[in-house]
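What follows is a short report on a single structure.
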Amino acid sequence: MDEKLMSYQVGDKIEIFVLLKAAEVRTAKNNKRYIAFTFEDSSGEMGGMYWDASEQDIETFKAGKVVHLIGKREEYQSKPQIKISQLRTPNVGEPSDPGQFVTRAPMKKSEMVDEINQVMFEITNPTWNRLTRFLINKHQADFFDFPAAKTNHHAFEGGLAFHTISILRLAHSVCNQYPNVNAPLLYAAAILHDLGKTVELSDPITTQYTVAGNLIGHISLIDGELVEACQTLKLDPSSEDVILLRHMILAHHGLLEYGSPVRPQVLEAEILHDLDELDASIMAIQTSLDHTEPGEFSERLFGMDNRRFFEFEGTKNHEQDTKKPEN
Amino acid sequence: MDEKLMSYQVGDKIEIFVLLKAAEVRTAKNNKRYIAFTFEDSSGEMGGMYWDASEQDIETFKAGKVVHLIGKREEYQSKPQIKISQLRTPNVGEPSDPGQFVTRAPMKKSEMVDEINQVMFEITNPTWNRLTRFLINKHQADFFDFPAAKTNHHAFEGGLAFHTISILRLAHSVCNQYPNVNAPLLYAAAILHDLGKTVELSDPITTQYTVAGNLIGHISLIDGELVEACQTLKLDPSSEDVILLRHMILAHHGLLEYGSPVRPQVLEAEILHDLDELDASIMAIQTSLDHTEPGEFSERLFGMDNRRFFEFEGTKNHEQDTKKPEN
Amino acid sequence: MDEKLMSYQVGDKIEIFVLLKAAEVRTAKNNKRYIAFTFEDSSGEMGGMYWDASEQDIETFKAGKVVHLIGKREEYQSKPQIKISQLRTPNVGEPSDPGQFVTRAPMKKSEMVDEINQVMFEITNPTWNRLTRFLINKHQADFFDFPAAKTNHHAFEGGLAFHTISILRLAHSVCNQYPNVNAPLLYAAAILHDLGKTVELSDPITTQYTVAGNLIGHISLIDGELVEACQTLKLDPSSEDVILLRHMILAHHGLLEYGSPVRPQVLEAEILHDLDELDASIMAIQTSLDHTEPGEFSERLFGMDNRRFFEFEGTKNHEQDTKKPEN
Amino acid sequence: MDEKLMSYQVGDKIEIFVLLKAAEVRTAKNNKRYIAFTFEDSSGEMGGMYWDASEQDIETFKAGKVVHLIGKREEYQSKPQIKISQLRTPNVGEPSDPGQFVTRAPMKKSEMVDEINQVMFEITNPTWNRLTRFLINKHQADFFDFPAAKTNHHAFEGGLAFHTISILRLAHSVCNQYPNVNAPLLYAAAILHDLGKTVELSDPITTQYTVAGNLIGHISLIDGELVEACQTLKLDPSSEDVILLRHMILAHHGLLEYGSPVRPQVLEAEILHDLDELDASIMAIQTSLDHTEPGEFSERLFGMDNRRFFEFEGTKNHEQDTKKPEN
Amino acid sequence: MDEKLMSYQVGDKIEIFVLLKAAEVRTAKNNKRYIAFTFEDSSGEMGGMYWDASEQDIETFKAGKVVHLIGKREEYQSKPQIKISQLRTPNVGEPSDPGQFVTRAPMKKSEMVDEINQVMFEITNPTWNRLTRFLINKHQADFFDFPAAKTNHHAFEGGLAFHTISILRLAHSVCNQYPNVNAPLLYAAAILHDLGKTVELSDPITTQYTVAGNLIGHISLIDGELVEACQTLKLDPSSEDVILLRHMILAHHGLLEYGSPVRPQVLEAEILHDLDELDASIMAIQTSLDHTEPGEFSERLFGMDNRRFFEFEGTKNHEQDTKKPEN
Amino acid sequence: MDEKLMSYQVGDKIEIFVLLKAAEVRTAKNNKRYIAFTFEDSSGEMGGMYWDASEQDIETFKAGKVVHLIGKREEYQSKPQIKISQLRTPNVGEPSDPGQFVTRAPMKKSEMVDEINQVMFEITNPTWNRLTRFLINKHQADFFDFPAAKTNHHAFEGGLAFHTISILRLAHSVCNQYPNVNAPLLYAAAILHDLGKTVELSDPITTQYTVAGNLIGHISLIDGELVEACQTLKLDPSSEDVILLRHMILAHHGLLEYGSPVRPQVLEAEILHDLDELDASIMAIQTSLDHTEPGEFSERLFGMDNRRFFEFEGTKNHEQDTKKPEN
């Protein structure tokens, strides 16, 4: 059966494997405990209460687990909700990999690892090369699995690395076109710029902001790790090389209002900021247009100043046939 | 003799060929007329008064002409000024081409014409192709000579076409990387987006804003011409194709505050705006860094929110040797 | 029976003639089609679903039609909704004119036509006179029927012409008081300033933004038509007369943030903007106060920066008796 | 001799009657006292130092006095300055009225008094009538002489009353056009709205901000006097009538950012604000265009967001002949 | 029984004494009247409809009364609501004091009176002393009972005086640390700065904005009373002493955008504004953290730019043991 | 002779000891080198050119040295300038300590050291105590000598420590008044919050921004050192203690627009920001009022939103006699 969570209508009976994206244990007025679940599959997410939860239930049904759910689609306070009839863990042979229930980047993890490694060779400055390798190695396990954001753009498994690679490709074109741009600096900073998100966010499955993420933010988190790495690698933190790399990372949000403590003041920092925005915009608009009918406007995109985008087609289809035949 | 205008210090004797960038005829208190000149060469510009101007002087020394100037560098009200001793038109064999006294784009005009023509073939949608060809033909004489702005970025002869070509190259990379982008729409709009500047600005030598430039602006000027062109070419102005192309042009400043009457609402319009900013930023920063010593910060750039940019060198030189060996 | 749509409470039986403001055909999960209606009369609007719609139903019950509705007032997801029992088209002798179900301007159409025609004689500049007559003739059918906006101020049938006439009357007073104001320019621009709304909006009954309205906007739409009209009428688009009239229209929103690509730079453009705002504000506040009890504050007005306005009475009534006895 | 102050060029000998707009006594390094004068006539103002001033000089040459000045036009630190040769008070028969050396409103004082008195009869609400008469009587001496501002709009003698009358005329038109507007409230508030400027500014000749003007501002100054007047006239300050009139005055700057402690929340307050801006804008632009050549742009107007305004002529002259023949 | 209003869950039976915070009489479609109640106790507030209300019910159950309520907790349109079974006034011996059902300041009223009186002795300037005493006496009944705001910070009975006292204590520390600060001016203004809230708000129990509060605001209300008081006390309103005190009050919101008609321009006014914000911030955050679990973030605080605040504990508890043992 | 630099007038002969605040070596058009000096003493600073500088001159007259200057006060391009006649280093017995030529904090260095040490004992949390001691020790040499800013507030030698101590005193009062505030966290962060300025600025004598200061900023500089210190001291950088302390420092500018990458989200961070602003404001206003005559307004203060502050006296003097006699 291949039904998806969001395709059920009010009153439909549900029978489906889903991921437990969140599982908050609460105490009801009768002093019994219950679990407030958020169920998720690749179509979206929906909530449901599990009353009178036993100790074993609480132990079994934790966030991040896959479960088999039988229930009914209802509506509570204007939001979809599931009345749970039965919940059980998967049997052998049934789906149990959380990764199958979340959206993934449109590129294999191994390919992303290869492409990042390839770029490392172009970072010919030894200070930047060592720092970048050290920090990517340190966070390797998370860097290729985390999303690039909780919501907004690239909010899918592997989104962080995929967004990084997109920027690197754009950066490559820019370096070819404008020969004065310092490519190693731009590449090193592009790789590191969002790496702090592996600390800012909890995990790729049940993605939440951590306390450190809220109180420090991914920009200062990776900046701190970079200074720490200098100490470990015995690099001088007051050298021009280190100052430039820190500046690139600190300034990549472009404006103070967006959380950068300094604005771009070297050419490469301005470029990194612009390419970051360009890729994030294209990805956010494209994702939204994928769910928009031709001739219609998309939903409002919060991350794009609440604009709606138009999906045109007559023209588009016509063009696709003849566009870039041999490119 | 190869002295430049801006290299003279207070008190130096000047003897040089210069361009008359401006020549305003005024009447002194004694009822005699004089001319307030702005002299220019590739190093910059400086003013000077020409007292007791005869009818013939006024006729001879007009803005846009090259002259031989003898005078003295002085200071008046805290600004450099030239006390004119003698002014004459060039003799045969002496410099007389105004174009030699202004900065030019770093690409030959013929190469720019070729590259634009080449892109035309990639605009496979017939409506967009015909409109783009028609308008480029109409303004061909100016498009390859005008600057892209009076000051700020690409403020040199040929800057308009050069800026357009830079955007087209970036657009090509983006279309390769993101296959859903409609390349013909993006290319057509990139070519047309700033074409209204040929009406907004007076000419490439004595560049001033025209009345139409001030009261209508280059965005609405080219938008109006596009509607007019539809009438001439018997294209339906209410077709989706025309609406999309007008939208691309109208929205290319990105924000209402920057003079776009609508914000980008199709993917390609967002991209055009981002690439326009990216190229303008790189050019503005690069130009400023060309006059900045290594280890120093540039002057404040008005068009970049008054930021100063840092010219680093140790790192840069080191990198340049090894960067992109075969790309 | 003279019951109005909005006067029914939850649970009441409904039996009423209403206008179909919107009729969207959708497909249910069981693959049958249904219509999502928006019903409207002069009291407001309410939605309702029509399940299992036949081909003939879809053909019969289109947006813009008047129907007789039997149903029940319910509540769904915190919003009023109608459970439809029966729907039929009006019989002979029953109400069938959509115009009777929408609010109309407080002035007869024929009077509005006369007043606009009268003002035409005061536009003594031949360029402005010809352009204004040409464009009003072109859109005559819509200009006197369209609202001035989808919501906010003058959102009623005929609102566009009524708003235009109110501005012309204010403009007349201003020209009398300040003799240097160029009356023909101000009158011509006042007539044309919002004419683009006949293209920006779909129609006076089921008023929605068109694709051209969203992507181009009413300011650039009428600006484009003005350039086109010059070509038809063989008027020089680069003459001062045409530049001034285009400027008046382009600048009438006053600020770039409000969608004008240029700010007012001639005296008459500043006045047109101010009078546009003055009339829109008075109309918006007055409409809201009509539904506010004396001694109370109105609802928040979105178009007036979310302010609430106070309806005072003691004073007001007292004054009305004695105010302006013979004016 | 009818030479004006600003028409002298550097090096010219000056011999002229002028007003002492400011006369600051200072002590030089040699412990002798000198006076820093600001001279003024209807063409503008210029400074000059009067060295080694005696006790009698200081007593004689005070701000607000007319003097006969002999000197030379010089330049000091990029600003025009006068080297004073001789200074004396006017003899009998020579100009001595300060009022002749400042610009005046284009309407006679007696006519302004009459027009204000006439409007008083239309304020039929007794509370508003009594408060308005009381406060106008209290400040009668200043109300008809003060400017409406130190710089910006209506910065001439009588400007305050003239600006008030212009608003009243516009208000009259508005009340005729929109019958629900409470005319007595609008008229009373229009008369009082800027009356606090008679306390905020020092005097019509040597106009400076007073300490109370800086620390309290004209809005709160007249609001305070209005409450005081209620006490004197035994009117209840908590009555709706008084609250409404106070609100009108407090809100007339429209936005908090412009110094109104509350935003307009009654219809008449919104109208007063709009008419205040309309008249101020027209006056500021008109004044600036009076000094602008046809086909040129004015200087930037600080009070109009630094915009420049275009003085067109071809069209204007043509129109003036035929405009409003009998109105 | 000590159950609180907000502790009931959907479906629970309610039996409880509550305060009638609001009691709006409305007419149902069947022309019978009903009362829309807002019930309140120290835990929060909840609504409920009382159908078919008799004349006597309307007379008996007015806002501000304590009642005994029997009913059931339900949900209507996503909000908690009470289905009323029975309502009666308290019998002798049952709770009837509205004050017991609202939150109160954490300091006794008599102590607050004493502390304010004590500070009066430190206001050694006779003008400031007399004005402060006069106005506190005038509003004595309300000053010690009113909240400092309708919502946001210090929104409890006695909050106005408590907030004032907190500022005075901080002001005392500041005067000790910076000896140039004029303590009497700072203390007098601190006492008066929010006193206008006794007119801006209706009462401490059923707190609403009054018409004068909306149209004039607490800043101008107390400023007007201060001018009035000068007249009563025969103090010169144009003396520096009065101007300074008015300035302190008018400027205490710090920014024009926050409703101050002038910005602080004396040192003491800047300090008053800063201390006002400091105390309001601490109180708002502290109150919110009191309802936040350790390791969690609070709800978003509207008055603190929608920020959430983190309640940390490990560290905090550890510190509390050893902190400030004898201070 | 006790003349100060700024007391000379144009034309005066100068003979004085001064500090070389800046000494830039440049090359003139004649290829000879000259030095552009900035001279300073406690009264202010002034420039002067030293032509035809020998190798030895360049070696001798470096920034930071004290010299004896003979010259003449002139004016160049509207700015005061010194024509240098003779320059020599001080002889034995003549002033040579740069510290004597700059303004100093109004508290002895030894007293400041003592007070900071005393506060250390109140930081009872061991993590915060160790980090604070470690970083203060590391920068001890600079912390008690550096100014708190290049211009604006506390721009004098020792200003950084003095500003820190002022905040600590205010913090002490706040902790006493609000018992829930975590004093050790507040004290530790107060001590560290501006410590990064010892890296951001060059030195206390010839204070300039360093490259690291411009590209990284003092907030991220000290944040990086704090992470580094954790590594050295073997403290866990992901512990709540460290996260809280980093947050306090990162958030202390309060708003993203002011360069904090995160806004305050714990109570103590909000307080630190408020006290930082309060002390900086008082110091900036006080310093400016020290140069303002009673009854006058100060110069505009850039750091206080360009406001001018009023120096009142009548009242102030009267009060000072009787204020706080025994406190």
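In order of appearance the chains are A, B, C, D, E and F, and numbering begins at 1 in each one.
Keep this in mind: a contact is a pair of C-beta atoms (placed from the backbone, for glycine too) under 8 Å apart; a residue touches a chain by one contact, two chains touch by 3 or more.
Keep in mind that this is a model prediction, so the values were computed, not measured.
K.L.:
Report which interface contains more C-beta contacts, comparing A-F against C-D.
P.N.:
It is C-D, judged by the count of C-beta pairs in contact.
K.L.:
Copies chain C and chain E touch; is their interface built from the same residue numbers (over half shared) or different ones?
P.N.:
At the contact between chain C and chain E, which are copies of one sequence, the residues are largely different (under half shared).
K.L.:
If you average the CA coordinates per chain, which chain's centre is most distant from that of chain E?
P.N.:
So the farthest one, by centre of C-alpha atoms, is B.
K.L.:
For chain B and chain C, what's the span in angstrom between their mean Cα positions?
P.N.:
Spacing between the chain centres: roughly 43 Å.
K.L.:
Take the average of all CA coordinates in chain E, do the same for chain F, and state the distance between these two points in whole angstrom.
P.N.:
41
K.L.:
In whole angstrom, how far does the Cα centroid of chain A sit from the Cα centroid of chain D?
P.N.:
Going by mean C-alpha positions, chain A sits 61 Å from chain D.
K.L.:
Tell me, which residues of chain D touch at least two other chains?
P.N.:
As it turns out, chain D has residues touching two or more other chains at 78, 211, 214-215, 240, 244, 265-266, 297, 310.
K.L.:
So what shape is it, when you link every pair of chains that touch: line, ring, star, complete or other?
P.N.:
Contact map by chain: other.
K.L.:
Among all the chains shown, which pairs meet the touch rule set out at the top?
P.N.:
Final set of chain pairs in contact is A-B, A-C, A-E, A-F, B-C, B-D, B-F, C-D, C-E, D-E, D-F, E-F.
K.L.:
Quick one: which bits of chain C touch chain D in the complex? Just the residue numbers, please.
P.N.:
Contacts found on chain C: 122, 124-125, 166, 169-170, 173-178, 180-185, 240-241, 244, 263-267, 270-271, 274-275, 277-278, 281-282, 285-286, 289, 297, 304-305, 307-310, 312, 314-316, 318-319, 322-324, 327.
K.L.:
Provide the residue numbers of chain A that touch chain C in the complex, in ascending order.
P.N.:
Chain A residues touching chain C: 7, 9, 12, 75, 78, 295, 297, 310.
K.L.:
How about chain F: which of its residues touch chain A in the complex?
P.N.:
211-212, 214-217, 219-220, 223-228, 230-232, 237-238, 240, 243-244, 246-247, 250, 256-262, 265-266
K.L.:
Under the touch definition given earlier, write down the residues of chain C that touch chain A in their complex.
P.N.:
The touching residues are 29, 77-78, 211, 214-215.
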